[in-house]
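These notes open a run of structures that come right after.
One chain, subunit A, links the two complexes that follow: it is found with subunit B in the first and with subunit C in the second.
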Partner chain A sequence: MRIEDILLKIEKGVLEKNPESVQSALSLPEINELQADDLFQALAKGLETARRNLAADRFSIPEFLLAIDAFKTGVRLLNEMLPDFSRKKRESRIVIGVVEGDVHDLGKNIIASVLDASGYNVFDLGKEITCDMFLAGIKKHDASIAALSLMMSTSLENMKKIIQRIQRDCPGVKTLVGGAALNQQIAMAIGSDGYAESALTVMEEAERILQQS
Partner chain B sequence: MATKPIKLMLPDFSDLATHVLHLAGYRTPERAGKSIRKEMETSVEKVLACLKPESIYKTTDFEKCENGIVKGSGLHIQSDNLSSLVSSLNNPESIACFAVTLGQDLDDRIREAQDHAMTQAFFMDAAGSAIAEIFASQAESQLQTLLARKNLTATRRFSPGYCDWDLRYGQDAIQQFIDLQRIGIRNYPSGMMIPEKTVTAVMLGARGAEFKTPCPFCDRIECPHRRIG
Partner chain C sequence: MNVAKIFNALRKGIIPPPYEIPKPLLKLAASAMSARGKISTLTSVERTFSALYHKEPDRVPVTPLLCSAARQISGTPFPDMSLDGARAADVFYSGFDFVGGDFVQLMLDLSVEAADFGQKMVYPDNATARPDYGSPVIREVDDYKKLKPIRLSEASRMQEFLKFCEIMVKRVGFKGIVGGFAFGPAGVLSMLRGAENFFKDCLLHPKEVIAASETITSVLVEYVEAQCEIGVPAIALDTLYASTSALPKKVWEEIEGPFVKQLSNAIKKKGCMVGVHNCGHKPYADVQLKWMEPEVLSIANLPDDCRSLRELKEKYGDRTTLVGLIPTQLLITGTPMEVMDECRRQIDLLAKGGGFILSPGCEYPPNIPLTNAFAIVEAAKKYG
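So, the complex of A and B:
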């Protein structure tokens, strides 16, 4: 198979949400002739097209998640084939966690996957994260963004306090919030720099707040 | 009155699949492609395989409604909106309280799926939510029948976190009234319940009820949860 066709097969495998196709392409003997970066870029291209499909309403959220699953299959295989392979990531680092008082983390895990697949360095702090845990995570990972997730409105006050402490103790770090308990209005009212309504908008919102002075 | 279980019946697979796709954002099942339907069906099968549903209900006498608190023997519900509904009822006599849960195993399986198959976790979560709602509706229906045998008309179910019934205080009140730990339900200080796919609610039984929800007494016309009737 030609090199170009292999890369296209990898890209299409992600876009068509087909981990088996990605796996089959990465198992071809000709793979050894390719650079790891080229293989990764093919995976990333497929995912970027999937994300544009989501934005254009051609993909649903589950379809986009399937594309992410196919992308992650490819990355896992690359890491197995080439243990020294290291993905080029964006400079910005994000810590993400579910605010103290809440353990609903599926939404947070989906957002973390989307941000990771899009090239951010994502450090998942987990759930029931206190103010001190967020601050420690920001400092440990030198984060540019603290992403806070919340499903339950009863913990909104916790979220507000965490945002205030971050703004006081870690000036320059941007806050990004999301979850079922929030909307744009509430996010602004509690002082967050950004609001990510869903997996669809989180990328653009992360980029927007990073560009804020 | 002693607590008793509620009879719960699993929904038809095809109906459940449609419900799950709807929750996942598909207006009609046909809009979901083959790969999505396959993923969804696999996820639903996994959910059904690990379900350990439990249920419990208890009734008590209605005592009075004053200062925004609906009082029954052993149970106080602090809600101005529900109080307005109760004030409109003809001779309220009974308060029924129930809880249904899908069990901890489902939460654990969803968590495991997130490590390697996010789409599956997404559909499993949607299926869990769909089944919890279906079971809650079955509980509501059975309690309507139970109250009807006493010639009482039932209001619609009303859960902590609805309207102005504070989530934390509401879940605490129900926990103390029914002792939900008997069916493995624990409360967090925030009002969250574990297992996550758990629904609790109260219903009132009265000799007559022109309205069955607090919504007609509420100004929030734009509320997405508004129910009339």
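So, the complex of A and C:
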């Protein structure tokens, strides 16, 4: 198979939500002729097209979740095949988690994958993340952005306190929030540097807040 | 017309099942109420029924949808309210009494049914009850077919909810309308599986999901019938996943459409009204109306086929009574004046000709002050 066709098969495998197709492409003997970073970019391209489909209402949330699964299958296989694989990434590191008191992580999982595919180093802390856990994660991973997610308004006060602590203890780290209970106004009211309404706007918003002094 | 049922309800001091009264009579009564409303103040029941029959009442009916926010009035902890129907009734009634409104929607949390299907629950002190997603009942696809119907008589949370309904119906009496509640089968399954896995299963394993929906629905039919028999005149079916923030339209129709139709038919057969609640993003009003033919559509966001409130009223205003649409975020950050301004804007666009009940798009945020709930009720009186 031609190299271009292999990369296209990988990209299509993600877009068509077909992890088996991604796996089969990555198992071809010709893979050894390809740079690891090109393989990753093919995966990322597939997910980016899926993201644009989501924006245009051509994809639903469940379809996008399946595309993410196909993407993650590809990334896992790449890491297995090439343990020393270190893809070109942006400098910035992001820790992401659902704040304490909330366990709804579907949105967070989507955002983490989108940021990962776009080249950020993303460290997913999980859900019900306390203030101390966020701070520990920021320090451990030398994060530039702390991305906080919540779905329920009952955890808003927790989110506000976490943001205040981050601003106090980790000055220079930007905060980015998102979730069903939020909007731009609420994000500003609780002191966040940025607000990402969805997977459709998170990349631009991450770039914007990183450029803030 | 079942005169005995009507008479028994009136004797108990509760509203009879609306559809035990012939529709032409109800329409006539609504017209009379509307006419009377031009010269005097209507009762909450008169006001709401007038609006439900698309006649303009004296002013727009309103509900602040306090739900568990009302527990702030007495300081009742969340878990006490979630697990004890009598405590829940005390909380909800205190909200109705303290803040006001014409309609009380009974809704504890979205896991009442799932808990009785065996889902392990968490009862936080500062938030509504939720599943323990670390221990889902449906861990893998094969577990869908292991789901079995449960006896309603042995379903402790649903039984407490029925007790809650019974107390509220008697306590509110003719002072307002009490609405029952059931989460749709797709919603219940998502509580047992986790939303992310459930969404994927709907695309990858629809047969298994549909079979499980059948099992859940058989119990939900009994549950909504029991609410009707207790005296709740209207029941809200929550079909959250019929929205672009969840399932594609065609998938929702396959997975949940036929089953909520069964629930709707069961409720109407008991003489009661059907409401649909959907606080998802861009809800599918068209197919929800198609499958459930509800008297009421309660939404938080514009449907996927409407670009404005005006278009919403034009497209759906004659087919159902619209309930909503004050944004949750406005209630959190807005001043009472900003909330009242938004209420006024919505009243101006949606209340003409009846068919509108002013309300938040979803339950009032449980942990914020009640100030903006008062603002909503005040706006209805001032601008309605």
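Everything that follows uses one rule, which is that the second predicted complex is superposed on the first by the 211 of 213 C-alpha atoms of A that agree within 3 Å, B and C clash if a C-alpha of one lies under 4 Å from a C-alpha of the other, contacts with A are read in each partner's own complex, and residues count from 1 in each chain.
One rule holds for everything that comes next: contacts are C-beta pairs under 8 Å (C-beta built on N, C-alpha and C of every residue); 3 or more make two chains touch, one makes a residue touch a chain.
This one's a predicted model, so the numbers in the text were calculated from it and none came from an experiment.
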Sticking to the clash and touch definitions up top, decide whether subunit B and subunit C on subunit A clash or fit. clash
Contact-wise, after the overlay, does A:E91 reach subunit B, subunit C, both or neither (first, second, both, neither)? neither
Which superposed partner A:A189 touches (first subunit B, second subunit C, both, neither): second
Quick check for you: in the superposed arrangement, does A:E4 touch first (subunit B), second (subunit C), both or neither? neither
After the superposition on A, what does A:S113 contact: first (subunit B), second (subunit C), both or neither? first
First (subunit B), second (subunit C), both or neither touched by A:E157: second
Could you say whether A:A181 touches subunit B, subunit C, both of them, or neither, answering first, second, both or neither? second
Looking at the overlay, does A:D57 come into contact with subunit B only (first), subunit C only (second), both, or neither? second
Where subunit A meets both subunit C and subunit B, residue numbers: 60-63, 65-66, 69, 101, 103-106, 109, 152-155
Touching residues (chain side subunit C, partner subunit A) in the complex: 124, 126-128, 130, 133, 195-196, 199-200, 202-204, 244-248, 251, 327-329, 332-333, 365-368
Note: in the complex, subunit A contacts subunit B through residues 17-18, 60-63, 65-66, 68-69, 101-106, 109-110, 113, 152-155
Please give the residue numbers of subunit A that touch subunit C in the complex, ascending. 57, 60-63, 65-66, 69, 101, 103-106, 109, 152-157, 181-183, 185-186, 189
In the complex, go through subunit B and note every residue touching subunit A. 24-26, 32-33, 35-36, 39-40, 110, 114, 117-119, 121-123, 125, 161, 167-168, 188-192, 194, 196
